[in-house]
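Chain naming follows the written order as A, B, C and D, and within any one chain the residues start at number 1.
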Amino acid sequence: MSMNSFGHLFRVTTWGESHGPALGATVDGCPPGVPIDEAMIQHWLDRRKPGQNKYTTQRREADEVKILSGVFEGQTTGTPVQLMIDNTDQRSKDYGDIKDKFRPGHADITYFQKYGIRDYRGGGRSSARETAARVAAGGLAREAIRALAPNVQITGYMVQMGPNRIDRARFDWAQIEQNPFWVPDAQAAADWADYLDGLRKSGSSVGAVIEVVARGVPAGLGAPVYGKLDTDLAAAMMSINAVKGVEIGEGMAAAELTGEANADEIFMGQNGPQYSSNHAGGILGGISTGQDIVVRFAVKPTSSILTTRKTITKSGEETEIITKGRHDPCVGIRAVPVGEAMMACVILDHLLLHRGQIGTNRGHIG
Amino acid sequence: MSMNSFGHLFRVTTWGESHGPALGATVDGCPPGVPIDEAMIQHWLDRRKPGQNKYTTQRREADEVKILSGVFEGQTTGTPVQLMIDNTDQRSKDYGDIKDKFRPGHADITYFQKYGIRDYRGGGRSSARETAARVAAGGLAREAIRALAPNVQITGYMVQMGPNRIDRARFDWAQIEQNPFWVPDAQAAADWADYLDGLRKSGSSVGAVIEVVARGVPAGLGAPVYGKLDTDLAAAMMSINAVKGVEIGEGMAAAELTGEANADEIFMGQNGPQYSSNHAGGILGGISTGQDIVVRFAVKPTSSILTTRKTITKSGEETEIITKGRHDPCVGIRAVPVGEAMMACVILDHLLLHRGQIGTNRGHIG
Amino acid sequence: MSMNSFGHLFRVTTWGESHGPALGATVDGCPPGVPIDEAMIQHWLDRRKPGQNKYTTQRREADEVKILSGVFEGQTTGTPVQLMIDNTDQRSKDYGDIKDKFRPGHADITYFQKYGIRDYRGGGRSSARETAARVAAGGLAREAIRALAPNVQITGYMVQMGPNRIDRARFDWAQIEQNPFWVPDAQAAADWADYLDGLRKSGSSVGAVIEVVARGVPAGLGAPVYGKLDTDLAAAMMSINAVKGVEIGEGMAAAELTGEANADEIFMGQNGPQYSSNHAGGILGGISTGQDIVVRFAVKPTSSILTTRKTITKSGEETEIITKGRHDPCVGIRAVPVGEAMMACVILDHLLLHRGQIGTNRGHIG
Amino acid sequence: MSMNSFGHLFRVTTWGESHGPALGATVDGCPPGVPIDEAMIQHWLDRRKPGQNKYTTQRREADEVKILSGVFEGQTTGTPVQLMIDNTDQRSKDYGDIKDKFRPGHADITYFQKYGIRDYRGGGRSSARETAARVAAGGLAREAIRALAPNVQITGYMVQMGPNRIDRARFDWAQIEQNPFWVPDAQAAADWADYLDGLRKSGSSVGAVIEVVARGVPAGLGAPVYGKLDTDLAAAMMSINAVKGVEIGEGMAAAELTGEANADEIFMGQNGPQYSSNHAGGILGGISTGQDIVVRFAVKPTSSILTTRKTITKSGEETEIITKGRHDPCVGIRAVPVGEAMMACVILDHLLLHRGQIGTNRGHIG
């Protein structure tokens, strides 16, 4: 039992702090024979990398991943894969003036209260920098999925920034890669650019909602009660820094529906069951239906802002703080590849769990 | 690793089906010396029990719990506690006519696709009847918490039924026990009674949002990354039948806030840090702040309704179905004690985890 | 993480005390579709049952197993299987006179020191009666193995009782079921009967060594470092009451060998690799070779004897004790079916783990 | 669940291969505030380091540990500690000629059968080089124990090399550090030097028995059934490369004893219970008694010897092999610090588990 691990059979343990020498992911349980190299993982890391445009923190990190174990002659061996990323742009002096103050909205105070020790350098272990390790592990998971369930496609995108929501009528998968916000709506992307630039200049920040969809997931993944696919997805997404809510399918809005409006009717398609709608988000009773798996999560606004805020020091004195570090006006942007990575890890894990308990035979309909 | 277990040190494994001879919870890791007897657990079970008023299923179950192990002379021994509940009102013939049809919105189809076997009797393992075992385990958890953190109070209530929300200005803790919906708003309770009665008579159903608050939780519970208190709460609540969304503090609405509006400022109170507000829901960086822990979850409407719905059979033929069983017009009502039970289990688990890694000394402020 | 559980994917949690109302095993992760009923499990329980001959305790327990969940229409459903055994012959008054004294060699004193509570009724949770639950779980495991690896045969037998060892030259599988000691050597069985009868009459007891062999296990089961097949077997056997040593293949005697004498040479047989010998006990680097898996474990003598022994009371006074309960002169006898059950659980677990991570393709030689 | 992890709350995951760029241990769950630096861990690694005398492999590895995370300003922070050791003397060309042959007694063949992939460079993941990571983790565990149970002392030593056993009458703790075999018997150390030198020159190898003792362990550590202290110790020791048997206290010899001879009588000492003897090895019912914890394990002889052996190739052809690499004539020597490290990890883990479930209050006698 490790508090810094996730997954059952595909088991990822991340380690490292914002300003230590390195961070990484120790991945155990990957199937052997998966073709992988550093460039394949780097592809995903580059999407999360800071400093790529004016909307993300100006910390410059190469985020270069090294594979230290578990891969031989271009394939996974089935033994632990160590994915390490050196920290290169640490500038810990930036944080000297907040050494004894707790930043409101950050984990500074709770880490100190729990552990009696505070790594004041950029949040230490609580920094969102940890998510680089998840993205690396997710890159490996994607390649492993390819062998097991080649039709799976995992895509994340932003559907809300502050009060602004996308227009689902304009939804276009092709737009996602065309703008810095991963928004599937060209008009929204244009509008939000001005909005966020204004916030950035004023030293403020704003929250966002990210949606991650997994298409092509076979029916039958997940398990009862606490091994539900949606249970693991909820945990995976809520474990991402700054996330405050997670929804599957209709999500919180399911509360407003009647039974008639909510339950997806079932028909018989050429390749098995089909549904009239997907209010369920691809999961019934914790087990995948074969429809798209649809997860959304809300990311709160960065708490590092240029407005002066009231706080206290380690010795309990009241004081004020202003956070001048290099930060993101909307951390939700960089949460998109992180959400995708978590989805990939969960899907792979449940593919392996299902194969372990049941093999490949399942209940065949029709 | 058990898919039917939750918790790390306070580990609950539930077992049993809707229409088998019995169901229960095997609870390992409970501290020794906790005073407990069947009546103390029955108290909580009686709140979840079906058939208590016209708004819940008319299935009549005594839901009498028996303690089969782990308790000696009125105290827990520290060894596994087996909490068993006999099923007494099974009437499995009720389900004969849907034996080969999959009920839309239910887990019938996914269980069949996963396991190749369908226990058609009331949903088998996927039935919400499983939550009785959770409530029993939660009753034990509450007593164990009392010894470790006597100020903890856990209370659940309904804040939304269908499109109707409570008025927070009328919030009154004392009202919660005064109405069949566990609503902290007397006016809402009155209004919703008529609303739900109408739905019930028409054979329809509706969703709900439940809020569970834990007051008096000490600062410092939770752990980084995947052992976050909010991660475990999200998993715990999402694992409850029919839940489609989970929120901590501001929840999904955090996306709409700016950094200035969201981050709770910190002051120094007489007994430690205090906050200007609780947007965080009592959790920063996955660790409790000492403020109220606030969790909400959305329960979808019961899919068993009297309207005819399109579906398919096990052999893939299209057909129609109407579900005439004994069901709840708003299952959200009975989810209130279940949500409380899950909160209790998570809080106790993290009290034990914290004591295990760190003991009682923590970072003291001021 | 449950201290009363074992296995990774085939996960068994046992519960119950010697003199409580019942005990049992909660089994999660069993593959679905395994044909099973109570009689199939009873078959194995009957072999462990006390009171069957003069060499085992005269406590009379029917040890009748009930399946309370996880089985529908004669097959496992893939959800938790609850196997419960009622305690019927509890006679807890037998233990009244030792209520405040710690029996030397028993866990009375350590349970009290750990938990601060002592269930004095026959050892409570520390009683060997717990092993009935393991045997029930092992019975289920055997049936599940049949579907996955039909050639697997698991057989336990006694190879040493006190100072007496079997003569391997007389080893005869057919003898094992022909005598009350499960000895594969007819001459030894005859000789030991007199020896043990003498011990029994004098109120003494003696230890034993049990060997458990699994034949027909496919090559490739097990995993590196802490998931080794021999690691899990060592844990499984050491967890049985009164076991003080575990050996794989050569075991402790491996220390005496040279590299030339120890390493089994490899040849090519018709169905794959064959070996000149089996010093390894069927396991290399923690992974099965396809040879017989050979495990031995030593069971200490029952500490309940008719000789007066020095001990102390709960209040720390020195005193004497004599244990007049119903006990086994050689508990090793009843450890045979328990060792078989643990072997079955471990083999099944690793079959599932292997299938989960790797599927059915493996490195093919030749 | 990670096959390359051990421990429950103090959770160690090792990674890396014999000839990859690096190997290490990811340690989660360490208490915060433990004073630690690289030199303190290096102290223990230096004891296991190869190439220190003529009795161990001539591979030259600095085995320099780097702490990459989890330590800030000289203390553990409570978050994951990454301990990395670079491989510097890899010489993988040494292994070219055995690339397609399976070395008898090694894991080459089983890893290939399991994973379908063979890292032929020095055994890859199955190499005893992995134990360096355990020793590093054990070094950290020792420092953490110091704060929790300052009287604990963990010492390993060799008690048998090939057919030669120490004379317990000459047992002298002070001798252990005075000879290259960690033998507590000066006479044996002298005799065995000649014996092993002869074996080394002839290109042969021999097995050994190591004993590890933990003194000063408080009573009450361990838990029922599968969380027994001896269960975890058996697993910990059996997981070490080349180990074939594990004993607690009397071990396999317990089989020969009568109940009178085996059960340790209990007296009342000044500081609590005392025992007439320690046949139990400090553990009753899986829980520590407060006496010395005594564990022994047998290490088989290195299978890499200069004698030609029969084997097969990956394509199934029969052939011969001679292993000319740099190897240990008695790997048991270097297993001593590894056994100590495993003992330290298990003791710390159970200290934390006990504190988690029970706190500091225990059943007080007298």
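Following the convention adopted for this analysis, contacts are C-beta pairs under 8 Å (C-beta built on N, C-alpha and C of every residue); 3 or more make two chains touch, one makes a residue touch a chain.
In this text, all values refer to a predicted model and were calculated from it rather than measured experimentally.
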Pair joined by the larger number of C-beta contacts - B-D, A-B: A-B
The chain whose C-alpha centroid lies farthest from that of chain C is chain A
Taking each chain's centre as the mean of its CA atoms, chain B sits from chain C at a distance in Å of 39
I'd like to verify one number: the distance from the centre of chain B to the centre of chain D, where each centre is the average of its C-alpha atoms, in whole angstrom. 45
Distance in whole angstrom between the CA centres of chain A and chain B is 26
Quick check: what residues of chain D touch more than one other chain, meaning two or more? 1-5, 8-9, 14, 29, 32, 78-79, 114-117, 125, 224, 353, 358
The residues of chain C that touch chain D in their complex are 1-6, 8, 14, 102, 104-107, 109-118, 123, 125-126, 130, 160-163, 199, 204-209, 219-228, 230-235, 237-239, 241, 244-268, 273, 276, 279-281, 283-290, 296, 298-305, 307, 309-312, 314-318, 332, 353-354, 358, 361-366
Quick check: in the complex, which residue numbers of chain A touch chain C? 1, 9, 29-32, 78-79, 224, 352-353, 355-359
Counting only contacts in the complex, chain A reaches chain D at residues 1-5, 8-9, 11, 13-17, 20-24, 26, 28-29, 32-33, 66, 68-70, 72, 75, 77-82, 114-117, 119, 124-125
